[in-house]
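Below are structures written as structure tokens.
You will see two complexes here that share chain A, one where it goes with chain B and one where it goes with chain C.
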Partner chain A sequence: MEKTKDQIFQGVRECLVNALGVSENQVSLDSSLVKDLGAESIDFLDVVFRLEKTFGIKIPRGDLFPENLLTNPAFVKDGKITPAGLTELKRKLSHVDFTQFEENPLVSRLSDIFTVKMIVDYLFEKTSVKAKA
Partner chain B sequence: MTNSLALPRGVGVDVVAISRTDDFYRKHRDSLRKILNDPELKQVEDSGSPARMLAYFFSAKEAVFKSLDQNWLGVEGFRMIEIGLPSEHEMFGAAKLSGVMKEKAAGRIHEWRVQFLETDDFVISQAIAF
Partner chain C sequence: MQSVADLKVSTNGRKRLDGKVAIISGGSRGIGDAIVRKFAAEGATVVFTYNKNKESAEKTVKELRGLNAQVECLPCSIQDSKSVQDVIDKTIEKFGRVDILVNNAGIIRDGLFLTMDESAWKDVIDTNVGGTFLFSKAVCEHMVFQKKGRIINMSSVVSKIGSVGQANYVASKGAINAFTKALAAELASKGVTVNAVAPGLVATEMIENVKGLAGDLTKRIPCGRFADPEEVASLIAFLASDDAGYITGQVILIDGGLSLQSRR
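After this line comes the complex of A and B, so read on.
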């Protein structure tokens, strides 16, 4: 049975509340995991493990978060993601909305794209495929 | 052994609260093998204080990871870094890489020295890549 985006959001919110110790009303679709919810690396692991258990899926490396990008000089120049880097990011993370990030694509702002919405969209895509299989 | 005149190729520092790894250990004990290698897992499980031992491994892996100047490699990235903790008489621990992590360091970095400091609730790891 395919889950709705709202059902997925409820599950994601519960995971984030339990992993990060934040309150339910702090978690909205627009919340950034790092900037708004204070997530650090051990928290990312905690969140990934909880999501895998809650939704019965496996999240492979680089699926939810980008990899092999920041060290490529064609993709990063003067602390900014280049147009080629942006194209690569969009290709790798098709579930992410880059509209705001594109206005000022500083590497230091990259963590801003890790929002609750990004996770919900990713899981919606992933669980839809699983439900149809 | 590294030549004493060798210049570091990278430095990474990480801090982890033992209270946080304690919570993590209790909730995800069954998933630890996704981030720890067998010898590391054995040391954690055999330890009288698994959360503390986990804090050492976790912060060291993060420090080595940062010394490579990489972005997050997901859960599997942690398993690609194997930490050797220093014995009682040693000052530094070591790190051994595998998989994609090994490829990233190939020809550039030959050795890591990992130093630890424990204070109150925190474990601080510093990894220097040569």
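After this line comes the complex of A and C, so read on.
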């Protein structure tokens, strides 16, 4: 049966609490994983492992959080994501709204896109497809 | 060699590894056998691998089970990722978790570098470094998920001081030291510690190959003797225990002072 976004949020919050050692009330849809919840690089993998177990799905590496993008000189120049990099980001992360980020695509702002809402939207899409299959 | 009668609880009657599940690669002889016995004595559930020594491995299992230890042995080719994964899967299927990994399995194929062929280089690097990589990779996800784990890699004093005729082996152990530090940095925040133990000369069968030189070698060791395998096993048991939770990324020499390079 298809899960509601609220049900998904509950599961995501539990994963984040366990992976990042934060309290439940710190986690809201708008929370940034890095700025608000203190996630570091390995935490993203930890979060993925826990989401996979909680939701019984396989999340291909790089599907939820992009990998190796910032090491490609075609995608990053002078501390900004290039147009080619943005295209690649949108291709990889079709579940993310880049409108705000595009206004000033600084690499240092990239972590802002990784929010709890982004994970919930991704899982909603993913679990809906699974439920319909 | 530790006898069955020596299978006893260590410090202060406390079993340091009670309730822990440990995987030890290459546990059928030498230092590996001592680690298996030490871990069993410390209360751990032990799964150890062997490559060719099935008979010896099964004998150890029978012996330790007779003492109420929970011990399993599994065949494993540590250069083969499927074979390694199989060990991890079977351990988790049976015991539900992996708390400790000891990357002990290793080989030597000694020879002067000028005559060392590519296969001798590749074999040693692929087994010693590749095996350490494959086992660590296979347990990492579980340990990160548990938010706790211990990985202990087997290095050697030669990674610090070099050794004639062992360019491949020395390179493999140097790589293991560097790998230990890198992995420790990555996993520290997840409660997983990664350390390496670098023994000097240990009284094992492997060292029998250079028995003729033993007299000369002993003179180079400030402590004046080879290590007993049990001494190395004790250090590893300590690093695997909760007592060592704040030690990570270290290469700990246990060499009787050999690396001091002073003569007696």
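Just so it is clear, the second predicted complex is superposed on the first by the 132 of 133 C-alpha atoms of A that agree within 3 Å, B and C clash if a C-alpha of one lies under 4 Å from a C-alpha of the other, contacts with A are read in each partner's own complex, and residues count from 1 in each chain.
Basically, a residue touches a chain if its C-beta (ideal position, glycine included) is under 8 Å from a C-beta of that chain, and two chains touch if they have at least 3 such contacts.
Values in this document were obtained by computation on a predicted structure and should not be read as measured data.
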{"item": "Three-chain arrangement built on chain A, chain B and chain C clash or fit", "value": "clash"}
{"item": "Chain B versus chain C as contact partner of A:46, first or second or both or neither", "value": "both"}
{"item": "Chain B versus chain C as contact partner of A:69, first or second or both or neither", "value": "first"}
{"item": "Touching partner for A:60 - first (chain B), second (chain C), both, neither", "value": "first"}
{"item": "Touched partner set for A:108, first chain B, second chain C, both or neither", "value": "neither"}
{"item": "Partner, of chain C and chain B, that touches more residues belonging to chain A", "value": "B"}
{"item": "Where chain C runs into chain B (options 61-69, 115-123 or 133-141)", "value": "133-141"}
{"item": "Chain A positions touched by chain B in one structure and by chain C in the second", "value": "42, 45-46, 49-50"}
{"item": "Partner chain A, residues of chain C touching it in the complex", "value": "141, 144-145, 147, 186-187, 189-190"}
{"item": "Chain B partner contacts - residues on chain A that touch it in the complex", "value": "41-42, 44-46, 48-50, 59-71, 110"}
{"item": "Complex interface listing, chain B residues touching chain A", "value": "14, 16, 20-21, 24, 27-28, 31, 34-35, 58, 62, 69-78, 100, 104"}
{"item": "Touching residues on chain A, where the partner in the complex is chain C", "value": "18, 40, 42-43, 45-46, 49-50, 53"}
